[in-house]
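Next up: some structures, all given as structure tokens.
Look at the two complexes coming up: subunit A is in both, with subunit B in one and subunit C in the other.
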Partner chain A sequence: MTTLLPRYFHPAYELDEALREEVVSLAVRSAEPSEADREEIVLKKLGARAWGRLHHFRYFYRQGWGEGAGKPLSPRALEGFHRFVEQFGFPEACTPSLFLTEAGHLELYWEDIRGGAIQVEFTPAGAEFYLQSTEREGFVSYVNLSELLRELQPH
Partner chain B sequence: MAVQPVEDIVRAICTDKWDGQRCSASLFKGENTSVSRLSVIPLQHHWDMFRQNVQKPPERLLALIGEINVGHLQRVGREYKQPVEITVEPAPVDWNPAHAIIPQPITRGLANQIIRGLKLHEPPRT
Partner chain C sequence: MNKPFPIPIPERLPRKIDPCPIVEAVFEIRFNTAEPWRTLPGLLSEKIRGRYREQKDLPLAQIPEEVRRQIPALTHQPLMQFLSTDFLIQLGPSVLSLITKPNAYPGWSAVETELRWFLDRVQEAGFVQEAGRLGVRYIDFFEKDIFPSLILDVGIGASPLHANELQITTVLRQGPFTARLLVSNSAILGTGSAAKRGSVLDLDVWLGPLDFELFENGIAKFGEAHLLVKQCFFGLAKPDFMASLNPAY
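Entry: the complex of A and B
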């Protein structure tokens, strides 16, 4: 029995050279972390307790939770939280706490190397922060998240 | 008429605000924060009332009850860097005649100061 290879057809059109280069450059750009990668990062950086609480907040807290006005976890707040956790280097031996607010925002709480509380609340628009050591509180949009990362990074 | 400074008030602390180690500032941050008056219902009766009306298993369980004196709460507000004149207003509801609210907006920084002044009660052993 003879098997014939399928005939090769020329494509009806060919990409312009410039477009082909664009395709190649997009192909090598680093991809966003997958859901599994993100879970791994949360587990590694925040520990099992916060990882479990995040799972709980995502899947069990529905509209009206708490005293009736609680909102479910905001997807944009969750995205901001992941971006922060991926980029931030927490102090060694630090096990941050994770909370859900009635507005559906996530809040991280840990201590700096001097024991001062650091709190960051992830809202759909940006991150609200509080530093006990300087009694400073403020807000940065996610476009300027790098500023907050620099400020909070342990020296 | 506002609750008098001599009174003590409590707030339910559930597992969304307490992870066994730290307490979230969102417990007091914001406005119209719900509290309950110990002069109307004693502490030991708050456990069952909060369990029946505030916690929602499996996601949200009552972990602790935080207690603070109204006069102390007001002093913390007045001495904060951006002073706030805190009041506690009675606001009874069907399930809790001792219910009251703190109507003023509380910032995260001030909420942290208030939390530091809380006396934390653990559930009574049965």
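Entry: the complex of A and C
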């Protein structure tokens, strides 16, 4: 049995037969640059459930998901999310929850050491945050992501 | 991972080389849209049909949408093509690209003019909600083993491997740009009914979603990506190979 796909697109060139992969595995594919590192960080910091949800949000949630008005995941929101997760140190034993909003934004939810909710929504323009314990909310652009990291770090 | 860029950037770059090894140059935009796929070809065609009169479906269009969605490798593949005399435009549910005709690269100036026109038409068509990637890819072909002509080699111990069939792919980063470089000395280039065997140097340079605003600085960013492609190519070339390309400055 072969998992080789039929030729549905025509590349500008082909590699010589000896260099070509004869059997394409659908289970293993080359990762986009940085993708493997990023997936590992998401898995380590947010857990397998969030990692799996993110995969579904990326590949299976298209225009019209949910009740029909859901938008696909925003590439800018995804990039902002990854930059945040890479740099932020979540509290120990904390398992943040990950959601896709109807607008195509990613939202992270976790609790601080006092049990107060922390929500960060990654939008195309920047991150909106809400801290229940201090009743603080705000918005930072991705250029100023370090401000958000400082804001959230003590919790 | 801020490593120094390993390709030396030449102080001056040729304006033209002869023979030109460029098989194809691709200027790609990946995007999100609120429009269903079935409406996209009509929205784009309405804006470009004066210049791109012929259109055809690509073979991937035969695969049902539900099946395409299950295969991440197909996510950003085009499904149809619009043709003008000098360029092609390819369109998929989340990708748009302007491509030069095979082995007929018209020069950067002509590309830039067409890109500017193309982006204006895409903006008018109004279906790009958000752009996620802006990429420039140049594919060069040589009817010889290219490795001895480049300051790039792969070996095992002291033995170079380029006498064998060899392909290397690496990813380099320069500022906000990511570059994927593929070099192979055993490639087959289809040229109409014939096929040529030789080497390819395939360089794809792109920006991520937070590093450009398509309708504000898209042309400038395509220009910067093109410049990086050019710097990489000429930076990799050994002096005698460079001379063989008859550079005009």
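Methods note: the second predicted complex is superposed on the first by the 121 of 155 C-alpha atoms of A that agree within 3 Å, B and C clash if a C-alpha of one lies under 4 Å from a C-alpha of the other, contacts with A are read in each partner's own complex, and residues count from 1 in each chain.
Basically, contacts are C-beta pairs under 8 Å (C-beta built on N, C-alpha and C of every residue); 3 or more make two chains touch, one makes a residue touch a chain.
Not measured: the values here are computed from a predicted model.
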Message = Per the contact definition in the header, classify A:Ala48: touching subunit B only (first), subunit C only (second), both, or neither.
response = neither
Ask   = Now for A:Tyr142: first (subunit B), second (subunit C), both, or neither, which partner does it touch?
value = second
Message = Let me test your reading of the model: by the given contact rule, A:Lys71 touches which partner, first (subunit B), second (subunit C), both or neither?
response = second
Message = Per the contact definition in the header, classify A:Phe60: touching subunit B only (first), subunit C only (second), both, or neither.
response = both
Dominant toucher of subunit A (residue count), subunit B or subunit C = C
Task = Considering only the touch criterion stated at the top, classify A:Glu121 as touching first (subunit B), second (subunit C), both, or neither.
result = first
Subunit B versus subunit C as contact partner of A:Ile113, first or second or both or neither = neither
Task = Kindly classify A:Leu98 by the partners it touches after superposition: subunit B alone (first), subunit C alone (second), both, or neither?
result = first
Residues of subunit A at both interfaces, subunit B in one complex, subunit C in the other = 60
Query = Hey, which residues of subunit B end up touching subunit A in the complex?
reply = 14, 16-17, 19-22, 24-26, 29-30, 34, 54, 56, 58-60, 81, 107-109, 112
Query = Contact residues on subunit C for subunit A in the complex?
reply = 23-24, 30, 32-36, 58-60, 62-63, 69, 71-75, 77-78, 102, 129-133, 139, 141, 165-167, 171, 178, 180, 184, 186-190, 197, 200, 202, 208-210
Ask   = What residues of subunit A sit close enough to touch subunit C in their complex?
value = 5, 7-10, 12-16, 18-19, 26, 29, 33-34, 59-60, 62-64, 71-76, 78-80, 83, 104, 124, 142
Inquiry  = Under the definition above, what is the set of subunit A residues touching subunit B in their complex?
reply    = 49-50, 53, 56-57, 60-61, 65-67, 95, 97-102, 107, 109, 117, 119, 121, 128, 130, 132, 135, 137
